[in-house]
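The next part holds the structures, each set out as structure tokens.
In what follows, chain A forms one complex with chain B and a second complex with chain C.
The block that comes next holds the complex of A and B.
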């Protein structure tokens, strides 16, 4: 696809990057992020201000937390499109336990996390043990969990959460918003888990080549179920932040978020075919999506054009990435 | 459980089960379609026992009318899944085609045949955009259609904003509200789509290529099949199918808005999988998808008739879907345990 003179240069670049595959994946994403910040700092004058930055970071923290989970699931060679519905169900559990039944907030938070874990367990069991393809399992779960959320909460909006929860959503700790702290913890956890623990390495191995992993004595079922459980728990955390930010719980919460998160993770360089997860890439991907949306908004672009831009960007980035990575070509 | 242990369990069952399985192995497609048909009959009987009006000419006409768009989308999606692809953008394509109809017929006064041709062309163009990214740029179908799902929907929103366009001309409404021998024209269009899809997949060279590409792309390439061409045509056909669904949809609702058919891609994939088409490619059951679409409509219609709240309906549909697919997977694994790695 390139002529001889640029071919030499590209080969040289590719050889350099092959030596450090992780940073090779991160660099273009980082470049794209910086480019976008640069463009928007010209088109929107308030863009480079502390309050906008703060807003973008807080808004992105939910995507980042979900992105960490989805990166782990994709690395294991599976996919989870039910996360938006887990958020809706988690929000209902939190609302019912704290607002309707008056339980202490601690119990409400624990119950929400537990439900997230159970949802992940169900997805993981059906995928890894019954061996239904995960896109089908989580497609069904998408409807099922959302249905449960509506069953529990109907169409009502639950309000009146205790101050602690409101603090999680809009408070600060050492000058930084609490959701940003939570996102930071999730990223550090994800990075350490995937790169520096034996279980994390097993998940990468299972996603890369399940048969080879099995022959090496890795428990495939456990690795996959664990990936889904982590995803479920992180979706519960995201639902807590979402309820806390709005100070309200609704069954419809998180609808459609799975696609945004999937887009962020894929933008970040994580492979859809398993075996390669770039946690930091997902963070950058989430930031790119938020900055694109905020930047276009501040530049006075009609809201609906943002959708067009996000879709086009996603395809363009993945197309470029694939053209530079002959190994990933799926014919 | 290890493979050996599972095999041991397998051997113990022996007897009738293995006889039955041998019989089914020879007719695995017929068996899949048969199971789906049984499910449909069981559901119909169940709803009939709850409410006798369920099997009335009136309700059957309504039911078929409701399922027409699903059936057409299901035929397209069966081809897409048969080549091991997936298309998440069909709901957004329906929105784009609906937008074209709305702009030409409601905002302007174009003749209906012009608007319909334009809507079909718009569907084909959307499908071709997907096809180009997948076949030529080699972006995975999941990522491509995830992107175009947002992109096409965005286009519909840019043009329509939050407006709802209604008061369509009678000739367009005729597709859903007119009657030919008692049924809406939409039902006949769906029937033609099923016959077209069935013949295309099972009785043409192109259909053989579709199955070959989905079953083993590398082998298909080596035997001289133009994979890109097959991918391109299948995704473009899916776009055209979406445009027909859009025409029927708009005619039934007599309105268009940018958020129309939101989430329909999930229902469509669900009904194709219910029908027995494998997500691993290389197999497409058009008749199964027809039955899957009917099951979905019967569930929606039947649950509505029994007066169960829409919240319970959604939960039940999700639960039934997961159960059926899990059972089908277990059944398929039983049949081909020896070939399975894990």
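The block that comes next holds the complex of A and C.
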């Protein structure tokens, strides 16, 4: 214990950071986001216009919704790389039920959500009960679900959705695009669920120390399966928005999106090893990736350089974080 | 704080009538395949007593504890609690029966704060519909309870909102012991509680054990390699070798030399 006032100050700062490890992670991410907005507002003249920002927000909403789900799965100590294929399968279910079979849009949406839940249930069951590592399970599911999507839809493009779906994709509510509202709901749900409910706390505990959680009587299987089910349902929501935005459904939808979402979530400070999920960080991470891509595009940078920039930024941020918090590398 | 915390006077009164043991293990056998890990082990634990269990590595101490707490299934034998024959099928049943275990690796979730760990798996929920229907936790209430418990047990934790991995090993162990006490364990089993922590902190944890025993009339089983701890803290010591009990001695009537001799199997003169 130091008696100097500077020592007291440092202790106070440390106590603050200890107490809110999350804000210690969020502040640098927020700073990076603001810095990026500042830079691009100089390099690209139209960047700060309302229409660009609105566009960025709308297209990011899909990543944010998926990011919430993936944050929860990573917090439970698992990973899901099959989400892009769940989107493709969901799009086929929505297209076939509404366009081909002529069911009402409500039925189509419910069927899509149900399929998302079932996909999550399958991933969760194989991971938590059969105990195949989730990276393997969802790697298999990645091609399995995609294959199902192709079997169902082939290479066709399904078009002719009812106006309600088009409204979900391109409409507004109180001046804000509908996908942004859906993303907001997903974020509020994710934040409350993970931080304020018993089940959410159990998921954190399971990911943080599975043995301690088991000894405390927490149902590890249920917690993990639930995390995958939430992920599946949110992937279905993302699938609906994606179909609605294009007003078309295709088997290839969502291909490769899992890597983007994973990058956003890791950028936001969620641990790949479980026990620490930062929902708001994932939101910031998704915004950073979108703004980086849009900003570079509007600044006239070739697309290949955008890929290089995204990859380099991800590695740089995580490397910085590890140098400040060595515990990141453990376990 | 759950009701039923006892005063020191209560404890002395109840400890005086050490009639029926709070815990009795009778003729416990445990085989792993063809290997006999425990052979006809019997012991008892009186109310308010601290029973040390010592033995070399592989002598069967941890196996015995895991068998008693339901983490392992015993091959044969009986467990009696307060004079009643009970079946302890699993660790959850053990906790329901009032047996709390503090494990070697502390059993805490390092990324969560002290109140979350104290209430791990038994979180308090809000009393309104949010809590009842949706399981919203009541962080403030858990924090208040934690502060009260830590004050009562004189445990010092620097920062209640910090993840416990930012606390020292001794503080973590104190939180683990405090948790066992909070949940009204009638019997608390400590598996090497002083492993991997500094000497000062070891003393703090051992003092905490005595304080919990004295204020709440809890009985302890203390597994330790450390003879100092056993001789400073325990009332009685059970010595194990090769899956059998080779000694059951009152600390007052024995010596370190005798106990060490029993552990190693050397005869003493």
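List of remarks:
Keep in mind that, in the parts below, the second predicted complex is superposed on the first by the 313 of 331 C-alpha atoms of A that agree within 3 Å, B and C clash if a C-alpha of one lies under 4 Å from a C-alpha of the other, contacts with A are read in each partner's own complex, and residues count from 1 in each chain.
By our rule, a contact is a pair of C-beta atoms (placed from the backbone, for glycine too) under 8 Å apart; a residue touches a chain by one contact, two chains touch by 3 or more.
None of these values were measured; they are calculated from a predicted model.
Because the two structures share chain A, they can be overlaid on it, and in that overlay chain B and chain C fit beside each other without clashing.
Of the two partner chains placed around the shared chain by superposition, chain B is the only one that A:131 touches, whereas chain C remains out of contact. Touch counts on chain A: comparing chain C and chain B, the chain ahead is B. Of the two partner chains placed by superposition, only chain B is touched by A:146; chain C is not. Of the two partner chains, chain B is the only one touched by A:263; chain C is not. Contacts of A:95 after superposition on the shared chain: neither chain B nor chain C is touched. Look at A:304: by the touch rule set out above, it reaches chain B but stays clear of chain C. Once chain A of one complex is fitted onto chain A of the other, the partner contacts of A:211 extend to both chain B and chain C. After superposing the two complexes on their shared chain, the closest approach between C-alpha atoms of chain B and chain C is 6 Å.
Where the contact sets of chain A with chain B and with chain C meet, they give residues 211. Remark: chain A residues 15, 18-21, 192, 196-199, 201-202, 204-205, 208-209, 211-213, 215-218, 275-276, 327 touch chain C in the complex. Those residues of chain B lying in contact with chain A across their complex are 86, 133, 137-140, 142-144, 146-155, 157-158, 161, 217-218, 221, 227, 258, 266, 269-270, 273, 279-280, 310-319, 321-322, 325-326, 329-330, 333, 341-342. Per the touch definition, chain C reaches chain A in the complex via residues 91-92, 95, 101, 103, 105-112, 116, 120-123, 125, 134-137, 139, 158-159, 161-163, 165-166.
Interface of chain A with chain B (complex): residues 79, 126, 130-133, 135-137, 139-148, 150-151, 154, 210-211, 214, 220, 259, 262-263, 266, 272-273, 302, 304-312, 314-315, 318-319, 322-323, 329-331.
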